[in-house]
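Reading through the structure tokens given below for one structure.
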Amino acid sequence: MDFSFTVWIPLLPLILFVFLGLTSGSIRPKISGYIGTAGMTITTLMSYFVAYQYFFNRPAGSETFEKIIAFNTVWLNLTEKLQINLGVLLDPISVMMLVVITTVSLMVHIYSIGYMNGEKGYSRFFSFLSLFSFSMLGLVVATNIFQMYICWELVGVSSYLLISFYYERPTAVAAGKKAFIVTRFADLGFLIGILLLSFVSGTFDFVSLTDPQGALITQGSSLTFMGLSVMTWALVLIFMGGAGKSAMFPLHIWLPDAMEGPTPVSALIHAATMVVAGVYLVARLFPLYVFAAPDALTIVGYVGGITSLFAAVIACTQNDIKRVLAFSTMSQIGYMMLALGVSGYGDHHGLGFMASMFHLFTHAMFKALLFLAAGAIIHAVHSNFMTEMGGLRKYLPITHITFLIACLTIAGIPPFSGFFSKDEILTAAWEHDKFLFFIEYAVAGLTAFYMFRLYFNVFWGKDRHYHHTPHESPLVMTGPLMFLAAASMFTGFIPFSSLVTSDSKPFESHIEWMIAIPSILIGVIGILVAMWFYKKENGISEKMAGGLKHLYKWSYNKFYMDEVYLFVTKKIIFNNISRPAAWFDRHVVDGTMNGIASVTNRTSSGIKGFQSGQLQKYGFVFVSGVIILVFTFIYIWFN
Amino acid sequence: MTAVIPLHYFLIVSTLMFFIGIYGFLTRKNLITILMSVELILNSVNINFVAFNRYLFPGELQGHFFTLFIIAVAAAEAAVAIAIIISVYRRFTNIDVERVDTMKH
Amino acid sequence: MTISEIIFYLFSATIIFFSILTVTSRRILRAAVYLLFVLVSTAGLYFMLNYHFLAAVQLTLYAGGIVVLIIFSILLTSHISQKFEPVGIKKQIFSAIAMAAGAILSIMVILNYGFNSLITVADNPTMNTIGYGLLNYGKNGYALPFEVISILLLAAMFASIVIAKKDKKTN
Amino acid sequence: MDFLTWFVIVPSLTVIGIVFTKNMKQTRLAAALGMSVQLILAICLVFMYLAERRAGNTAEMLFMHTHSWFSSFNITYSIGVDGISVAMIMLTAVIVFTGIFASWMVDFLSREFFISLILLSTGVFGFFISIDLFTMFLFYEVAVIPMYLLIGIWGSGPKEYSAMKLTIMLMGGSALLLVGLLGIYFNSNAGGGALTFNILDISKVNIPIEAQRFFFPMTFIGFGILGALFPFHTWSPDGHASAPTAVSMLHAGVLMKLGGYGAFRVAMFLMPEAAHEMAWIFLLLTGFSVVYGAFGAIFQKDLKYINAYSSVSHCGLVLFAILMMNKTALNGAVIQMVSHGLMTALFFALIGMIYGRTHTRMINEMGGLMKVIPFLGVCYVIAGLASLGLPGLSGFVAEMTIFVGAFQHADSFHRILTIAAASSIVITAVYILRVVGILLLGPVKNDHFLTFTDAKWYEKVSTGVLIATIAGIGLAPLWLSDMINDSLNPVIIQLSQVILP
């Protein structure tokens, strides 16, 4: 099977971006929306075709899913060995990601036609969406780590552009800036990691980097730095990049703010696709992590675990529905990281890897659904705050049902997809690290609680009086909701273990009921507590908040992480480094230069004294000079 | 009749006159007195020429003629200098060298 | 001490004494008169050296011409009784030191050299000799300098007229 | 007439042509015409060069031509180009061309303005084609002098001060440089031949190490002052802030590149032993200035100052990469020169256009400009993104080549410095986004801004050409990189022949 046409999967959105960007303003906004969506549809269909061909139409007799380089071209030669290629690498995870990205992207495109209707910058929005789709698709099909870095940066920029989409709102501008700078900081780690890795290995290429029999893995790295091998350092730094993009603690602060962007953007970028890039990165380099730097992998697991708990606690107290979802996203990505952290390589050892990818897949569907539904709610109510909502189930029936499905999915209730993927993660965690396992149980309960807190607050509770009666969104918006709801319900039955595995070889996996049943119970308890608290307006929640006053306050303020960062950046870096640097330059460096100049000036004005223009002074100097010279010549020189 | 006076007596007189002239040249402020100092200097040189001619090359007249010419040049110089001084005086209403400094700026 | 020696010392003393007075006097007209004495004494020295023509020229041109010119210009530019403001003492001292040093240096050189100061012939060049010398263009002839001087004098005459002429525009 | 000399003749003819123009319209038309011809020449040169290389011509310099013009000192007018000079000539042609359009509306003494501007570019072109040290220095001076007039007469703010400061510091650099060049000249007979100024001939000679120790720092600092080497960079903020738009463009875009180019072509190429010995001092200085310039930029309030400090940071990276002395880093240095030239020119062009409308450069007096002048706003964002190293634009290619190249160095001192220098990409992002956020985004700060008109056609030409070039290099860097790579071999051989103690 010739896959070389796959190069058009990322290229088509790029062409759309350029086209929409250049024609923005000269064609009717509506048309540009349709063009963008049509292009995305073609891309999606191509991705589905590739996935079908790759997974279900593989050459007879082959046990494993081979890595296929469908396309590769030299972009830049760096050294004799190192070169940056642009190409398309197809293997199970990249093909899976193609499906995820194109699906969600298409749904968001369709949804946006309705949601963004009448907004200023409609065509700009679609061109940015295309730019993002291009970069994200380019990222997942990257054949080498540098291509990934390139797309990684592009993804960051499109995220920036889309967060600051409402550029006249100062909060949106600040949020975009924050997102970009925080991820940029993380990317610095990524870059240094790449430099280290390429220095040790002499290649950027994924195929040779992740070859389990490759020289790099079998020999390991003998170089060490501060007690850890250079490989460990490199991989930890690369993970730092991933953690930034995936909003892992403590680089998560940008994600809640990023909700300033339009809601479809949050669904696409900050829920389903871009934020899982970090997970994808670790998965992409997984053999390296497992064999060359198990310490790094442990770090990955623990960072994931801590983040998932941390974010879940915060999510319980937030009132902005998009922020609740944002923290929920963090928590779920923490899950995926954790799953990678507790995974081994090959067969059943690679369960965590498979589970992580599985969860990535299902999470993309249900989280996109949650965001799009939240968008529909905001669209109807014109507010982000759940305190201003209630009783919406009567007005928004379709949104209500789809939202409920998504909540059940994320809470891990069978037979929805979230149950299956989460169960695999728990199983993997149980087999590797009991501590993380129990954290995950706690997080599962919290997840169910905060999601249903949201659900009951919005759709049940007190019926409020709205300025104008909320009404259900048009079909272009509800359609994607229904599609994604269906996906959330049924994708759990996809036999992931025979498709996407750590060593590309299928293996058998089944549900561990001993682990699943308690997890279901915890989920149900969470739901029931939320129901008890929030279904009717009864003040229990306020009492609870009063009882746990400090915890509540800390959680409500997101554990003051923003303030810590603000302190570090504003007080320390801005005031104590940058201001002195500017001062130093103005006064010391420039002052020295000016000082030299003024010394010269003074010297010259001293010399100028001789040059008074007064003949008599000249005469005096001349005559005395002659006398001294004559004296010197006659009595000193010749004697 | 002059044989009894050695050459260097003349030279010493002319030297002293020369340096007195220079002293005047350096210290006086009035343009006319500076001009007078210059005349002194010229005179001292003349004495030298004449004395050398008489003592060392009595058969020839180079020093003599040189002195003659110097006197002529001095006359021309004095005429021009005084013309300049007068025009300066008209322009600045004084002839103090330290105050005539328009060219400096 | 012969009479010529006495005369010589007299002239020398006059020259040096009045020179000093010329450059230090604070009354300009007096300074000019002192200068006249110096120039006349110099002419006396020329007489002593038997250059009578030169002495005559010195007397007529210098003492008669230039000094008168100077006095005229003094009368044109200053009041007769005008006294100069005293010169800066620093300037005087420094100049005096430098000049004294210079004079001493020169005199030492002169004394150390030991000139051969024997005079055998002490004849006075006649006007004839001088006239031939000035118009002769062969050996020992000074026709060219003579012509040059003539032109110079002419030029100086023009120049002084042009320079000293009143500028019509400014007035 | 050989081909390269046209690069000097065309601007000279343009200058002569401008002298005979009667009014501003004719003047700028003549200038635009001349520089278009120059741009076409430059494009032709690129293709001719590539064709020649493809045909298998492996000479060190192509299109060589030598004409002796001062034979008693063996000074010749020797010209020739390799891939690096071709890249620089292309850069210069683009920037001068766009600079003409950016100063389309100069109405005060416009004839004299364009004459000085083009005279300056003549010097730059001459510098890049010369391979004779003396001729090179001559053209260098030709380029520096008009700068004084351009800033002093057409500048803004404390222009006399800035012009004086800039000229004096650059002249100080030239003085050092002259000593350095003469030092090289008087040691160029070490191999037994005659004294020569020709770079290619000198490169075959081993200048005695004692002489190198003395003359290398002189030459390097002499060129480094022009390349904003810390701590000799302070002319740059003041000079740029006071200079008129096109001059800032040309100065930051091209003239500062003379420094990098010269440091590379003369100091490193001719005195490799001393370069190896002393690299660490300059590495520390440049590595420091990369980070320091970026930090300095965060705190500035004047758009031009921000950009000037950013130039300090980026040009520091050029010298930093040159001192790494391996092929990849050197390649990156050249690409960075091209890239920085283009994007800083774009920045200054845009700042000039914005200033022309708002009459202020203080960022806190502006805000929300994206709404009123979207074209310029978008261009500014693109310039900013290029500056912070967004893939697809030229800055990324340059920075990554430098970092990867520098990191391949075997010595861990160099690698740690590389990491430190790499951290500037974060700081760059901070100040760029800060400016973009305050200047362009947010609500419109002043109702007066609503009366602004968006870019005129000549402004669009100016920015459009620059953006197209930036994106062109960013999207397809391979041809540029390969073109430079081939030409680096002599330098690499020269540097690797050094026997390290």
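For reference, chains read A, B, C and D in written order, and residue numbers begin at 1 within each chain.
As a convention for this text, a residue touches a chain if its C-beta (ideal position, glycine included) is under 8 Å from a C-beta of that chain, and two chains touch if they have at least 3 such contacts.
As the structure is a prediction and not an experimental result, all values here were calculated from the model.
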Note: chain D sits from chain B at a C-alpha centroid distance in Å of 65
Cα centroid separation, chain A vs chain D, in Å, comes to 36
Take the average of all CA coordinates in chain B, do the same for chain C, and state the distance between these two points in whole angstrom.
5
Indicate the whole-number Å distance between the mean C-alpha point of chain A and the mean C-alpha point of chain B.
97
Residues of chain D that touch at least two other chains are none
Multi-chain contacts in chain A: which residues touch at least two other chains?
620, 623
Counting only residues that touch at least two other chains, what does the list for chain C look like?
95, 99, 102
Once you've mapped the touching chain pairs, tell me: line, ring, star, complete or other?
other
By the document's touch rule, what are all the touching chain pairs in this structure?
A-B, A-C, A-D, B-C
Touching residues (chain side chain B, partner chain A) in the complex
22, 25-27, 97-98, 101, 103-104
Can you name the residues of chain A that touch chain D in the complex?
74-79, 82, 84, 146, 149-151, 153-154, 157, 160, 164, 167-170, 173-174, 176-177, 180-181, 184-185, 187-188, 191-192, 195-196, 198-199, 574, 577-579, 581-582, 585, 589-590, 592-593, 597
Interfacial residue positions of chain C with respect to chain B in the complex:
2, 4-5, 8, 12, 15-16, 19-20, 22-24, 28, 31-32, 35, 38-39, 42, 45-46, 48-51, 54, 57-58, 61-62, 65-66, 69-70, 72-74, 76-78, 84-85, 87, 91-92, 95-96, 99-100, 102-103, 106-107, 110-111, 113, 115-123, 125, 129-130, 133-134, 140, 142, 145, 149, 152-153, 155-157, 159-164, 166
Going by the contact rule set out above, which residues of chain A touch chain B in the complex?
612-616, 619-620, 623
Name, in rising order, each residue of chain C that touches chain A in their complex.
94-95, 98-99, 101-102, 105, 109
